[in-house]
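What follows is a pair of complexes built around chain A, which joins chain B in one and chain C in the other.
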Partner chain A sequence: MIRHLFTLIWNRKKSNFLMITEIFFSFIVLFGVLSLAFFYLDNYRKPLGFEYDRVWVMNMRWNQEKPEEVRNIQYRLKQQLKSNPEVAQVALAASNIPYTMNTSNTGFNYNNRFTMADWFTVDKDFAEVMQVDVAAGRWFTTEDNAAGTKAIIINQALRNEIFPDENPVGKVIREKDNPDRKIVGVVEIFRQKGEYSSDKPGYFEYLNTDYASNGTAGGTLDNLMIRVKPGVTRAFEEKLMKQASQIAQGWTIEIKTMNEMRTSDNKITLIPLVIFSVVCGFLILNVALGLFGVLWYNINRRISEIGLRRAVGAASGQVYRQFIGEVLVLATFGIIIGIIIALQFPLLQVFGVQTGVYVAAILGSVLVIYLLAAGCAAYPSQQAASITPATALHEE
Partner chain B sequence: MNNYTLNPLATNNASVDTPPHHQKTVIKLTDIEKVYQTKTIETVALHNINIAIRKGEFVSIMGPSGCGKSTLLNIMGLLDEPSSGTIEIDGASVKSYSDKVLARLRNEKIGFVFQSYHLINDLSVVDNVELPLLYRQLSGSDRRKRALAALEKVGLSARTKHFPNQLSGGQRQRVAIARALAGQPEIILADEPTGNLDSVMGNEIMDILLRLNEEEQTTIVMVTHDELMAKKTERLIRLFDGSQVS
Partner chain C sequence: MLQNYLKIAWKVLLRRKFFTFISLFGISFTLMILMVATAMIDHVTGPATPEKRLDRMLFVNFIKMTGKSGNMNTFPSYYYMNHYVKRLKTPEKISVTTTFRGVNSYVNNKRLSLDLKFTDANFWEVLDFNFLEGQPFNQQDQKNANRVAVITDHARDQYFGPNVSAVGKYMVADGIRYRVTGVVEDVSYSRFNSYANIWVPLSTAPYNKDDTGLTGSYMAIILADSKADIPKIKEEYQSIVKQVKLPNPKEFDKFYSHTESILEGTIVRQLLGDGENSGMGKFIAIISVVVFLFMLMPTINLVNINVSRIMERSSEIGVRKAFGASSNTLIGQFLVENIFLTLIGGLLGFLLSALVLEIIADSGLIPYAQLGLNIRVFGIGLGLSLIFGFISGVYPAYKMSKLQAVQALKGGQV
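Our next item is the complex of A and B:
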């Protein structure tokens, strides 16, 4: 019977062409949406590499002060904030902290191996504030203040790209026009862009923000990261703001919890998925209505065929299954073309997404299209099955 | 083929019309009534029909348009239910049979030939002939063998890959007969099989039916408007306004 259905649909390919095309496009759009959804889901299940809970971010925008003055104010502010009993630790970090739109990346070269890598400038207290775990080597310490080279800590993704078969700790990266950088440690993962982002190569670069020990050296950083102790409420924000406005007079200070930043950033990340889903939803609705309409039309056009099939021995259940089967076969033609296109993504490693994500998206799309086709076919097929053979044979 | 005579004993009373020279009754209709009812009108299509068709008989049914010939054939073929009365196939009443059992009976015991052929235009000749076999537990190769054998019987072996719209009316009807034969049914019910054909092609089709009846003892019940065709059959049942008149 399956062969018969394939023969029937194949022989009617001209009249079914539009429907097959529509199913194909639905499959491709659905595949795109599901790839994105599974990509996000896959990332969501992976560790972030840091703890955002109970982290508050004080963003600072200063005026015309000289860098040295800014560093002095930031240093004093950090000490002041740290002295609060509600505060567990405070760190200074550059603008590209987690859950911001900011990105800093650069080429990373070693022994003719090259990759692009995100870089995060932080001070020695960052790991404690963000609960970043070091997998190999160590985190930054005061001994890095005196070193002639810049201390950096790479993540595992960067290690995999540049040092696949060797221990990177202790290696010095020498690049023209850049100061030497020495790898002092490796962190497992650090996904600055949050739960839905992939794990990309990156490294932390140490900046000595200890004005007392470093004086005028070093740069300025935009954010004070504050880990508060458990049970601290938003009421504490007022106290922090007061202290900040006293020390950093005239600066624009904004305090947010990282939880708030996370919620806001995740919403922005999910916007494309929501837009694609809506578009896909409309397309699928269109296909559903099309399938329903075509099948309804087909059944009315094929009443005498239904009568014939009943006459030659088809029970009403078989007529029902036949029409459902025809729609599934119709869907199969669209799906086969769709799969051929979709398979190019994992084969050509487009967007660098894991093969498993594409495979899951293909399987999901196949399932959805088949369910859609079967769902749309159910009622018209039931109508076809309920036609009495004598009535059906009377139709020409 | 010239031995067939009209049965002069056909009656319109309640007794069952039985031919003398065949053994087993394959179809028996007793007190069949068929009434089509709408909210406002009640139309009696068949009234007090009592017919027995014996194995190997070739029976024709005649009557003016609208007298209930096709309705009677549909009831015999289990395609339609009577409003009252009993249908027996091989001595068993089909009244309590489910749709599934009725479908199986139609598939195994009855072959249909229609005036307008009822071929599926998107299927090749051989695929059309295979149609009844799709509803049996047969392998693809068995189905194909049987379909080809049936096509050979009607002289269409050379047209197996053609599509219905590439054939003449007579050829289409031969395909329809081959389709009816493919399932090797005991009974063929033919509803005006020559109605759409010219006399030459009509005679060709009639010859095939007569040959099947004679050589393979296939029971045939044929609705026709054509007295000449009806004369070639063993027995004639005449209907008028839904009742048997001879």
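Our next item is the complex of A and C:
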């Protein structure tokens, strides 16, 4: 029966060509959107590696002060903010904190293994503010103030790339133009770009921001991360702002809660998906309607054929199944071409996305296309099946 | 003749309403999406208040340095503007501004976040703002570094209360008191050369006079005397760029900067440019491929429907052929019918896109955006409709015209 259907479609391949092309393109479009959706979904289920709730971010922009002066002001600002009873802990961090567009990355070289890694410059209080858990080794402490080597903490993804079967804690990375970097710990995961981003290699780099002990060394950082105690409301913000503008006179200071930042950053991530989905939905609907119309028309043209089949004893169910079957076979042709193209993505690793995401997207697309084809064929086929032999043969 | 074709087309449309619906649905939505996309691009790069005279404007937004330390692409400094950009002789006027930055005001203990931009007095002459009240600050304010400000009506409504006159009153932003001299209509966030909620004199900007670095956060708007001067200014600017002295040739030894339109300089060059080349050709190629791929599916769909529909009319075709109509006449007729159909679809698409743009504008996705359709978008939409109608009509018409008269009369297969 199925072989017979394939022959039927193959014999009319020229007139079916347009329909197969349409199904093929629908498949590709669907595959693209579903890949993106499954990619986000897959990421969403992974842990973030930090807690954004009750974290406020104070972004600072200074004028022409010398770096040392800036560090002094930042140090005093940090002490002042921390002295508030509403504040649990304060940390300093570079501009690429979670839920910002900013990124810093660099090559990471060890034992002939190489990968690009994000790097986050933070001070020793960052773990407490962001609730980052250390899986192996330890978090930064004042021990790391020793000059010469820079203490870093890598994430698991970086460890998998560079230290697949050895313990990275205690290893020193030596590179020509950079100071030595010593790994003091490993964190499970830290996804700066938020819920929808993938888990990429990255590491924290320690910066001693204690001006009292470390006056001239160190660098300047853009953000003060403030963890407030439970129950603190937005009204506290103005108080913070006043304290800040007294210490950092003339600086441009902005306070945002990380919740706010998360909402707007996720919006930016999700908008492309929403737009793609709407456009894809429209294209598929368009194709479905077209398919429905054309099938309806074609089936109506074959009334005499149906009459003949019914007259020689085919049940109406058999006629119905034949037409549905034909459309599904038609869809199969389109899908096969589509799968051949879609499989190139996991095979060539174009975007470095996990194969599972692509497989799920292919399966999802196949399912949707078959459902759509069957749905479009159901009504015309039913009409064809309900034709009585007498009326059908009368047509001619 | 044409009138007859249109009459027939109309009758055919009414005959099978479901097919007509499918065709119109496909056409109108396809064109709607394309027109919304066009309107968005136009919103960012086309002339709009206050950048009305875009055909005479050029922008200096970025400088790029390459060398051993990699690439650096950033805004230029005040020093660069003063010593290099201001050397241009050909332009009518040059306005130097900073990028906008967030400032905070407090109204009744509630924070009001505003975006502030430092501008010179030329800014108000180069751009055409709609002043609701008061006037811009002038060269004197700029010279004396007066703490004066022009604000948008949004900022006024939030700070002083809705529709309260603000001119002459004082407003505090980031702890600095400004006297309001004028109120203008909101400017869309997407026009980043002019956007802000509060504009204050450039002379009050905190910058270090001894700083001779090239990087900073400044930008320039250049107004040419006439359109014809644009290439001259570009040339002159490139000769100035050649004279730029790099502060640290060991780090960066090549310097690029261009004075360009918004689309070319601010968008395309940032995405696809490579120092010398702006990547405009690549950009056009990519856009064309995307539009082509996007239109491909609806077109195939329409062709598919048209082929079916045309067969319904095989007896009509047979009669016309038997009475001596040539293939070309029939192809012509069918193309006219199809273009008529797509134009109706285009019109619907135009209405739909107006609706969608309204929704996008209301959603606040682009702050202070006033999205709308204008004659440019309409023209592009019309062009797209015609192309769409032509492409989707040619193949079915060709197939139909190949039909033998005898077979057609019998209601034959294609």
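Just so it is clear, the second predicted complex is superposed on the first by the 394 of 396 C-alpha atoms of A that agree within 3 Å, B and C clash if a C-alpha of one lies under 4 Å from a C-alpha of the other, contacts with A are read in each partner's own complex, and residues count from 1 in each chain.
Just so it is clear, a contact is a pair of C-beta atoms (placed from the backbone, for glycine too) under 8 Å apart; a residue touches a chain by one contact, two chains touch by 3 or more.
Every value quoted in this text rests on a predicted model; they were computed, and no experiment measured them.
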item: Which superposed partner A:Ile2 touches (first chain B, second chain C, both, neither); value: neither
item: Which superposed partner A:Gly293 touches (first chain B, second chain C, both, neither); value: second
item: First, second, both or neither for A:Met101, with chain B first and chain C second; value: neither
item: Of chain C and chain B, partner touching more chain A residues; value: C
item: Touched partner set for A:Leu348, first chain B, second chain C, both or neither; value: neither
item: Which superposed partner A:Ser316 touches (first chain B, second chain C, both, neither); value: first
item: Touching both chain C and chain B, counted on chain A across the two superposed complexes; value: none
item: Chain B-facing residues of chain A, complex; value: 1, 3-4, 7-8, 11-12, 304-305, 307-318, 388-390, 393, 396
item: Residue ranges of chain C in contact with chain A within the complex; value: 18-19, 22, 25-26, 29-30, 33, 101-104, 106, 109, 111, 113, 174-175, 206-208, 211, 294, 296-298, 300-305, 307-309, 312, 365, 414
item: Residues on chain B engaged by chain A in the complex (per definition of touch); value: 71, 74, 77, 79-80, 99-100, 102-104, 106-108, 112, 114, 116, 118, 120, 122-124, 127, 130-132, 134-136, 140, 179, 183
item: Touching residues (chain side chain A, partner chain C) in the complex; value: 15, 18-19, 21-22, 25-26, 29, 61, 63-64, 235, 237-238, 241, 245, 250, 252-255, 271, 279, 282-283, 286-287, 289-290, 292-294, 297-298
